[in-house]
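Each of the two complexes below includes chain A, the first together with chain B, the second together with chain C.
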Partner chain A sequence: MASALSRVSASSSNVTKSFKIGNNKKAFTRKNRVGAFRSLPAAQLNLPIFQSTPPLPAPSFKPEVVTENTIGTVFAFDETKNDPIKHFGTPKSMLLEYRLLSQRYSVIRDITVITTEELEEAALEPSHQSNYVLTGPTGCGKSFVLLQAVQYCLAKEWVVIYIPRAKTLVNSTTMHTYDLRTRTYFQPKFAQQLLQRTLDVNSKVLETMTMREGVNFDRRSFPAGTTLAALAAGGAKEQAISSVAFETLIGELCAQSKIPILLAIDDFQALYTPKSSYRDPHFSAIRPYHLALPRILLELASGKRFFQRGAVLGALTTTDPKFPVTQELKEVLELPIGKPRSAYGRRSRVLEEYAEGCMNLPVPEQFSVKEAAAVFEMWMKDQALTAPANDEVFLSKYTESGGNPKAFVWQGILGTLEGASPEDVDESVPWPQLREGRVPLAL
Partner chain B sequence: MLRSQVFAVLRRPLFYRFVSTTRSFIPPSQLNHVGESRPRRSGVQELDAALMQEIADEVEAEEEDLDEIDEKPKPHPESPSFYTGRASYYDNLIELQNAISSTRGTLKRLHLLPLPEFARKSLIPMPTVWKTPREMTVDFETTITISRYRKVIALLNELNEYLRIATTAGYEEIADKISGIVTIFESGKKDAILTRGIRKPIELDRCGRSYTSGRRKTSTARVWMIPVKESPQEEDVDVEEVFGLPQSQSKAPAVNVSVSTILINNFPIVEYFPQPVDRERLVRPLKIAGVLGKYNIFTLVRGGGTTGQSGAIAHGIAKGIFAHEPETGTVLRKAKLLRRDPRMVERKKTGLAKARKAYTWVKR
Partner chain C sequence: MVHILGINLPDNQLARFALTTIYGVGHSTSHRLCARFQIHDTCRIRDLSPFQVTALASFLSSPQSAFPPRGATSAKGGPRAFVANKKDDLGVTDILKTYPLASLAFKPRPLNRGWTSDRELEREWENEVKEAKEQRERDRAAREREREEYLAEKEKKAKEKEEKMLTRLRGRMRTKVIAALAKHKATFKTRTGTTVNGRTTTTKSKPVQPKLPPKSLDPLANLTIETALRRLVRDNIAHQRMIGSYVGRRHAMGMPVRGQNTRSNAKTAKKMNRVDRWG
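Let's look at the complex of A and B:
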């Protein structure tokens, strides 16, 4: 298995390769455009620096593993058939990180234990009592905690619907059409993809659940008793009925009380943006609650609609200036208000209503020393740094980042130029750059 | 020579009667002839027998008074040099000269004077700062001009030399006596002036905090450092271990390490310096001295940009570490962290576009 170092070096060569249009026709495909940190195939890595013994695989992440005793231990998400990371996807920074690592590692933190305890309670209660939102400063690990919650609930055989990038719902990157019946805007492609992904991840559980009422679409009909998996499959196959199929699926999930449901939304604040990037024929901005899909999510998040058993868990993203956390959300979640409010600033009553009922689940802004040490060891075993993995490097990186997880990993470990001190130094050579081998003695 | 000067020199005035100047002297024999020689002026009384008797009575009374004074001796002035007008100054000069001559005699008897060249070089340096002429003016109650000041200073320097010899030779009694005289003339700001330019040792306050300042380019940082107090570690109770049940998964090893918190203008380091370069520059003194995790740091920084501010804080941190642990001085000095980086922005010169950049050369 190639190490992190090989991945980083490979990425640059891959990028240059992909720009030779004559050779590579897929140069401008989406896969190659988001091409950072793509690894070369192992067969091409012949140099000795790439030869490394792969680290021992970390223990698998399981629900039994999340206890107070295991805080500060690293576990890995297994690549199963219904792997949510593969099917649903992850936020971009997490995706890049997992491309660098040899396994999909994750460290258990105290907030993980708290979240899983809340979800255990939520499994028996209707979801309007468990509308949580993970908050905290930039880079404190909200998306990771959300992913851990998703993996936990999936292992506990819940139905999990995970939307890793909710801003794609409101930034006008997917097709939208107006529906006269519901008087909202459908996003058929998004709904189609979402149904496909939900089916891929939850097929086993959805096969066991059946529809209470039959439903008739234009060309397709689903009589009562059809499995929800079949409904999802039908909606995923045909774009025309996807939006309504998703609406129906949600309705059926809300009606049943056998299996708990988790709705996990990252970029949660994007749903509360006052104006989405979509435009109507009069070129005025469409509000997020006038788009069918975000509307469903808003209703579930606010408690207007709820699952009989389950929870709605959101995670804020503080780094996107296009979709900042709005005043209404800040007030409900009791977050510190940045700029003083103007008396003339617009407030949306509708969004205020949709924000009601959201509860704050604060993620600590620092790794504890134990957690940071586990993360550091995990990266060092994957040979992220050529520097020796000693106390000095660890403590200096921890102090520089102040314990902030993102800064610790990206700017501390991956972003530093520290390396191993040169071995076999010949002290008699006069100049330091020659002595340390930076400049070759004989050209 | 003036009459007043003559009388000033003499101890006792000879003619008491003639000292008073309230009226002109008229010898008694001529009292009868006062009115004849003088031209008459309006308002002047004619001298007749009654007036003459009055005057004669007055003179007698004066004589009596003066006789009385003669019987009670006039008090001597406090100092013999009272009539120099600068008694204090001359007395002190005399005292210094006496001290010098007596010390010289003593040191000669002890074979410490004259001192050979090699011995003079090995004397303990005792730099002193004498009082300013203004301060001496206040002390001596007379204006100390430059020439008078120089006389005093010459004597004091000679005395100081004898003090050095006595201290080096180990004669404490002599040294104490001389220093008793010399300290009277030493400036109160002696310590401050002598330690100018020398790095003062930074003291920790009652809570054990150091307060240092650092500078780089146009930034100034004020740094407070306090050692981290380790709270007693709470032992994680492992239920499985306590009840003797088989352990299901590997427990994370305990990490017993204290950690530094750095606050800059009350912001955490991550928020204040987004660039890792600046953060590494800040933390470098702690790394080199090997005290990562030992101190909590609070700084206030002002002026300049990111590089200047981070460099100033690093300078302040290095000085703070040196204050807490002087043993780290060698290492920090080798790494040039205790040095205030003298590099500043170079000025723009006339005829050039910037400090070094020249305008495009045109052939014609």
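Let's look at the complex of A and C:
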């Protein structure tokens, strides 16, 4: 982990923040406060405890390695030019984990193999036959499986659109303006950013695809034959046309059948919230299907619009009380409904229609012992714990967390105070409490 | 730095919070103002467009005379020219003009057919509203006609049954039954307009009540801020003084008005309470 600290600090660009709180006003800025675990610069890590040999790099994650034989093996996502983790971002808990690790690791699980097999089938079928939603209890690894699917498809040269935090679309944190033609609310800044990110990650593939029909926006026109990369670039540059450019891009991607498309959405349940946090001028809440971008995502997720080849993959987030998983989604995905259902309970017929066609892909709630052992070893190599990496520690952490991946890592490994016994203990000191640490086991 | 009504709003502040610095605007009014001008919750003052700033400033300079918002309708969906508040039986209506929201099956006009002006789209929407209204009228008329036919049929059957019963009766029994039926009909309200007890009534007619002028449900329509609000407060206190009430006397003495303790802790009242109170 010490090497992780230095490596992360060396590679990240916005690092040199001193932690002298008195002098540095930026220490408590929002950016620094989010999630903590900001790394110190390498120059400040002089003490012997920070010195260590960096672990051997793990093998790269590639589509060929995802097989049943590699279940329980750790692979790392490479830092490529079109790295989706850098351009699209990741959910917050994953971001914090990757700040601590020296490489962007992930372990291959049986659900990874199942998902990739489904995606292989989806590459030849229209996407309305492959609308999957990863479900499972809190901390079972849905976001990680989604990220693995994104990396898999990208390596297979699909076009990948990954939205890691879909709740930012509905929680009133981005600009919105009403549009009379579509009778919905545009979110120009979000659309602009999404186009830029999609372009950054998929530029190579988008250069090969061209528009079938020309379009004429208010100030810009894109004739037939323009590459989709040029369309995305135009939309990313000008906020005024970004929303319509994104709508056009999706239209073109739906019409073509050469390249499969993956639409990956984390926080999937946020799109099905009965009321978004936005308010219209009459102060009534705007529904998510009256916002242009979520409407497009809902239409693709329900099969009302579909890609000729590809899939829509969503992952639920169960930890956000502001955007819980709604009744309509629970019924379609056949999830257990907590409280007894009442005939008078409010339901939305529109959301029921938009939830139709979603298929459940359950993620196992426990790591298998082999998978947990691989994850344990990976963290130990990064020196997350100063305790010796033996079976006793591993099994105790596995049992305490019940195999739940998030609990195993955060409470088991990172949340424990267990450490290695100190090596220099002066036996001659008469009072045990004055000796450093405890007496070693082997006397 | 944005100046609204002479107040300097710092760039870094959330717009929803910055608006509360205006006297008379609290958090709920500020939320409504932001919704009116399509300012999202985490918008900072520096993110406001010049149009939004001008619109806000012009609205706040005279809230009473501002036009109602031209925004989208509420979630009930469907084309409507204005929203009628169904909860209120007094006929209080919301007089704000509304614009449409896309229904489930709505397909927007494609872009490659050329750019359509807003006026044309508005006209399309107005036509839809008109057609929907006409359709509702036609449906209502059809339903009424059906009901009329059904009730006429029912009355006809009842009359036939009565006649059939009367043909079976003879003599004193027959006269008694006819008299009883006549008495019953005299007090029974029929559907068609019949003179009963000297008063012609129909079940359809209701007593005519005078229609109240439509009140606006929108709190922003009657927004009083800054000088106008301070004047209002001062006028209220002056009125209390003029009528010689307890409240007026307490203000004049600079003491607490609402029954607070004065043995200790009346410092704010002693500082602030007076007849010509500023805010």
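The working rule: the second predicted complex is superposed on the first by the 398 of 443 C-alpha atoms of A that agree within 3 Å, B and C clash if a C-alpha of one lies under 4 Å from a C-alpha of the other, contacts with A are read in each partner's own complex, and residues count from 1 in each chain.
Convention: a residue touches a chain if its C-beta (ideal position, glycine included) is under 8 Å from a C-beta of that chain, and two chains touch if they have at least 3 such contacts.
Predicted model, so just to flag it, every value in this text is computed and none were measured.
After superposition onto chain A, the modelled positions of chain B and chain C are compatible, with room for both. By the document's definition of touching, of the two partners only chain C reaches A:277; chain B does not.
When the shared chain is aligned, chain B comes close enough to touch A:369, but chain C does not. Residue contacts after overlaying the shared chain place A:339 against neither chain B nor chain C. In the superposition on chain A, A:353 makes contact with chain C only, not with chain B.
By the touch criterion defined above, A:214 reaches chain C but does not reach chain B.
Touch criterion met: A:173 reaches chain C, while chain B stays clear of it.
Applying the stated contact rule after C-alpha superposition, one finds that A:391 touches chain B and leaves chain C untouched. When the shared chain is aligned, chain B comes close enough to touch A:59, but chain C does not.
Within the superposed three-chain arrangement, the count of touched residues of chain A is higher for C, of the candidates chain B and chain C.
For the pair chain B and chain C, the minimum alpha-carbon spacing after aligning on chain A is 23 Å.
In the superposition on chain A, no chain A position is in contact with chain B in one complex as well as with chain C in the other.
In the complex of the two chains, the chain A residues touching chain B come out as 59, 64-65, 68-73, 139, 369-370, 373-374, 391-392, 395-396, 398-404, 407, 411-412, 415-416. Of all residues in chain A, only 171-178, 180-185, 213-218, 244, 248, 275, 277-287, 289-290, 295, 350, 353 touch chain C in the complex they form.
Within the complex formed with chain A, the residues of chain B that make contact are 236, 238-240, 248-252, 254-255, 257, 259-262, 268-270, 276, 279-280, 282-283, 286-287, 290, 292-293. Across the complex, chain A is touched by residues 31-32, 34-38, 40-43, 47, 69-75, 83, 94, 96, 98-102, 104, 106, 108-109, 111-112, 114-116, 118, 121-122, 125, 218 of chain C.
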